[in-house]
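Same chain, two partners: subunit A is paired with subunit B first, then with subunit C.
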Partner chain A sequence: MSAALRIAVSEEKGNVPVTILHVTGDVDSKTYMDLESKASEVISAGASNILLDLSGVNYMGSAGLRALHGIVNKLKSSGGGKMKLLNPSDAVSRVMFTLGFDKFFDIHKNLDEAVKAF
Partner chain B sequence: MLSIEETCRFLRKSSFFACSSEETVMSLAHYSETIQIPAGEKLFETGEIGTAMYFVVDGCVRIHKDDVVITHLGREEVFGEVAALSHEVRTASVTAEMDTILLKLEQDAIYKTLTAHPGAARCIIQALCRRESEIIGEKVERLIKAKVMERELDIGQKIQRNFLPEVIPEIEGWHMSGLLQPARKVAGDFYDFFIVPKPHCVGIVIGDVCDKGLGAALFMTLFRSLIRSISVYRNVVETHSEHDDVINTLRHAIALTNKYIASTHASSSMFSSVFFGLLVPETGQLCYINAGHEAPMIIGPSGIRQLLTPTGPVIGLFEEAEHEVGMAEILPGELLFGYTDGATDAQNELGEQFTEERLQSIVGNGARNDKAFLNRMFSAVEGYIGSADQFDDITMICVHRETGTHR
Partner chain C sequence: MNNANSLEIKADLDNLGQVRDFIEETSKETGLTRECAGELLLAVDEAVSNIIMHGFKSKSDGHIEVEVSHQPDALMVRIRDNAPLFDPTKNRDPHLEISPLERNAPGGFGVYLLNHLVDEIAYRVTDDGRNELSMLKSCS
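On to the complex of A and B.
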C-alpha cells in the first residue's frame, strides 16, 4: 500500500521568485496525478520556476517520473519556465540514474544553491 | 445552527420525511443536531459502526472507498441511513469536499419518534424502497457497462498477444524464449525476437512502458512495432564491415523510435525502458543498446559473468537523448537473461520486495534449458508473491547458446 502524497508549497526569493513544492510520500501510479495537479495549480497561478523538494519521497515509480516530464511540458506550454529537483533519496536517485533522468534534470543537494541556480 | 423552524423546513424537503405529519417532523427537528465539518475532514470510515444519518444543509461531501470516489452529495441529499436504521456497519467513507453543514439524526431519536408516531414509518419505508430501487438500477447499469468493457479488454488482450512473437526464430545452436505475465488484462511490458535480414542477425528486445494498464498497452504496441519495423525494413547503407552495419542498425532503430515518440507524443509523457540487442549467431557477438532498462545478465558456468548495464536513458521522452552501443559475447553454454522490474519489485504479503539481489542470487550457473530456466525464475517470483497481488507486469527472456557451438 503506497503512502499518501502530501505537498506543501512555499516561496523563496533568489535571483527570481522560486516556488517550492515539498513532496512527502510515495509518487506512484496512484498518487502521481496529485503531484501533477498541484504543479498545474501553481503554474496556473503564475509560477514559472519550480523546485521540487523530494527529500520526503521514499519511492518514485515510473508513473512519478512521467509526472516530472509532464510538469516540464506544462511549464513549456505556459510560456516557459524551469523545474529543478532537490534532495532525492538514495532509492529515488538510483531509479533516476538507471532510467537516465539524471542527465535531463538539474538535481541539487542544498536548498540555497538550488534556489540561486534559477 | 438552524432554528427548529428551519430544521423542520429542511426535513420536509427530504424524501425520508416529506410525507410525515407535522408532529413527526417537529419531533425529529427537536432531536436533530447541526454540525459543521471543515473541508478535507473525514466524517466516518468504511466498516465503522454508525448510529446516525445525515442531511446535507450546505456544502458537499465525497462518498468513497479509499481512493475510489463513489459519488458526491450536495444540498438536501441524505447519507448514512443504512447504518442509522439498522446495525450494519458503514458501507463507505465520507469526507467533506468543502466546509459543510450537516443535520445529524441519531438512531435513538429516529426510533423514539417512530414509536411515538408509527405513521412516519411508512414514509421512511417508501423512501428506503425508492433508494434501494435506484441503487439496484445503477448496479445493473454498471454491471452492463463493466461487461461491455470486459469484452473490449478481452479483445484488446487477444490483439496485444499478437504483438509478442508468435514464432521464435529457429537458429541452429541457439534457443530463445520469453514469457509475459500481465498484472492486468493488458500489459505495458513487451519482448521480441526477430530476424534482421541485412546485416544478418537476430533482434532481441525486452521493454517496459512506464505506468500500467491501457495507456501503457497502447504505447507498448508502438514501441515494439517501431523498433522491429525500423530494424527489419530499413535500407541499410552498407559499410565494408558487417559489424559496423549491425551497430548502425541498432543506433538507427533506437534513435528513430525515440525521436518519433518524443516529438509526436510529447504531451503524453510516455516512455519505455528498452534493452535491444542484435546477436550474430555465428559468433555469439551481441551488440546492444540498453535504454534505461534493468541490466540483463550473461550467465556462464561460474554464475553471472557480465551485466549489460544501461548505455543511455529511456526512450520516448528526450529528443536529444544519446545512446552508446555496448558489446558483449555469449559463449557456448552461456545464456542471456533479461527481465522487467515487475520481477524485482514484486512484493510478498508483507510488502517486501523480491529485489535484484535475490534474483541474482538464484540464477545459478552453467548450461541449462532456456524454457526450464525461465520457468524456474518465474516460479521463484510467483512463489515469493504468494497470495499478495501482482501489481506490475512480469516479463522475462532467455537466449541460450548450446555448448556444442563453436566459432
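On to the complex of A and C.
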C-alpha cells in the first residue's frame, strides 16, 4: 500500500563524516522534490558525503531518479562531494535496473562498508 | 474470467497513491507474482503521472479513469483521460547510454518504462474523444 515519504537524517564517522538520509515511503512524481529538498538542506549545511539509505522505500518511479540526479548536481555545484546508495529496496532496484541507472551509482549492501567507502 | 474494476480520479499528483493502491489490490486478487505486479504498478504510475503533468499541465480540473480487466494469466489496464489528444507510444526512447549524471535534466523515462514493462501497449482515441492507453501485462 502507498505510504507517505519520510526522511530521517543521521551521521556516521568513517574516514570522513558521512550524512545518511534514511528514506522511507513512496518517492513519486509528487514527493521526489521533498527528497531533493532535504538533501539540498543538508548539503547547504555543510554535508559533502551523502549516503542514501533506500531500504525502506516502498515505491519509486522515474521521478525518484530525477531526485538522485538533482542531489548529485547539488553536490557538484557546492564544491564537490559524493553520493552513494545503501540497500535499494525491490521497488528502487526495479526502476534503476530497467533504466540502466544502476551502472552509474555506487551501491552498497552493508552500512559499515558503505561508510568506509567514502 | 473477464471482470473489470475501475477507478476515477481527479488529475492531481496527490491521487497517485490511490491509483497505485488500486493496481496493487487488483494484482493481488488476480494472483500476479510480486515482480510482475511491481512492473505493472510502475508502468501505470508513470502513465498517470505523465497524463497529469504533461497532458493536463498539472491543472487538476481533468479526470482520469483507470480500468483493469482480468484475463487468463494477464491484466489489461486501460487509462482514459480528457486531456488534449496525445499518443505516448510514439515518443522516442531517451539516450540511456549517456550517464544520467552527465545530463542537464533527465527526462523521457516514463514513456520508455511504459514500453519496456508491459507486453503490449496501444493508444486510441475513444468514441467520445478521449485518450485511451491500453497496457497488457501477462505473467504466466
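Here is the rule we use: the second predicted complex is superposed on the first by the 116 of 118 C-alpha atoms of A that agree within 3 Å, B and C clash if a C-alpha of one lies under 4 Å from a C-alpha of the other, contacts with A are read in each partner's own complex, and residues count from 1 in each chain.
To be clear about the criterion, a residue touches a chain if its C-beta (ideal position, glycine included) is under 8 Å from a C-beta of that chain, and two chains touch if they have at least 3 such contacts.
Predicted model, so just to flag it, every value in this text is computed and none were measured.
Looking at the overlay on subunit A, is there a clash between subunit B and subunit C, or do the two fit?
Partners clash after overlay.
With the two complexes superposed on chain A, say which partner A:26 touches: subunit B (first), subunit C (second), both, or neither.
Touch status of A:26: second partner only.
Which partner chains sit in contact with A:104 here, subunit B, subunit C, both or neither? Use first/second/both/neither.
Both partners, subunit B and subunit C.
Looking at the overlay, does A:91 come into contact with subunit B only (first), subunit C only (second), both, or neither?
In the superposed model, A:91 contacts subunit C only, not subunit B.
With both complexes superposed on chain A, which partner does A:118 reach: first (subunit B), second (subunit C), both or neither?
neither
Does the superposition put A:65 against subunit B (first), subunit C (second), both, or neither?
Touch partners of A:65: subunit B and subunit C.
Does subunit C touch more residues of subunit A than subunit B does, or is it the other way round?
After superposing on chain A, more of subunit A is contacted by C.
If you lay the two complexes on top of each other, which residues of subunit A touch subunit B in one and subunit C in the other?
Shared contact residues on subunit A: 1, 29-30, 61-63, 65-66, 69, 98-101, 104.
How about subunit B: which of its residues touch subunit A in the complex?
For subunit B paired with subunit A, touching residues are 67, 208, 210-212, 266-267, 269-271, 273, 291-292, 294, 310, 312-314, 317-318, 321, 351.
Contact residues on subunit C for subunit A in the complex?
It comes out as residues 13-14, 16-18, 20-21, 24, 34-35, 38-39, 41-42, 45-46, 49, 52-53, 96, 99-101, 103, 105-107, 109-110, 112-113, 116-117.
Please output the residues of subunit A touching subunit B within their complex, sorted ascending.
Within the complex, subunit A contacts subunit B at residues 1, 29-30, 61-63, 65-67, 69-70, 73, 98-101, 103-104.
In their shared complex, at which residues does subunit A touch subunit C?
Touch residues, subunit A against subunit C: 1-2, 26, 28-30, 59, 61-63, 65-66, 69, 72, 90-91, 94-95, 98-101, 104.
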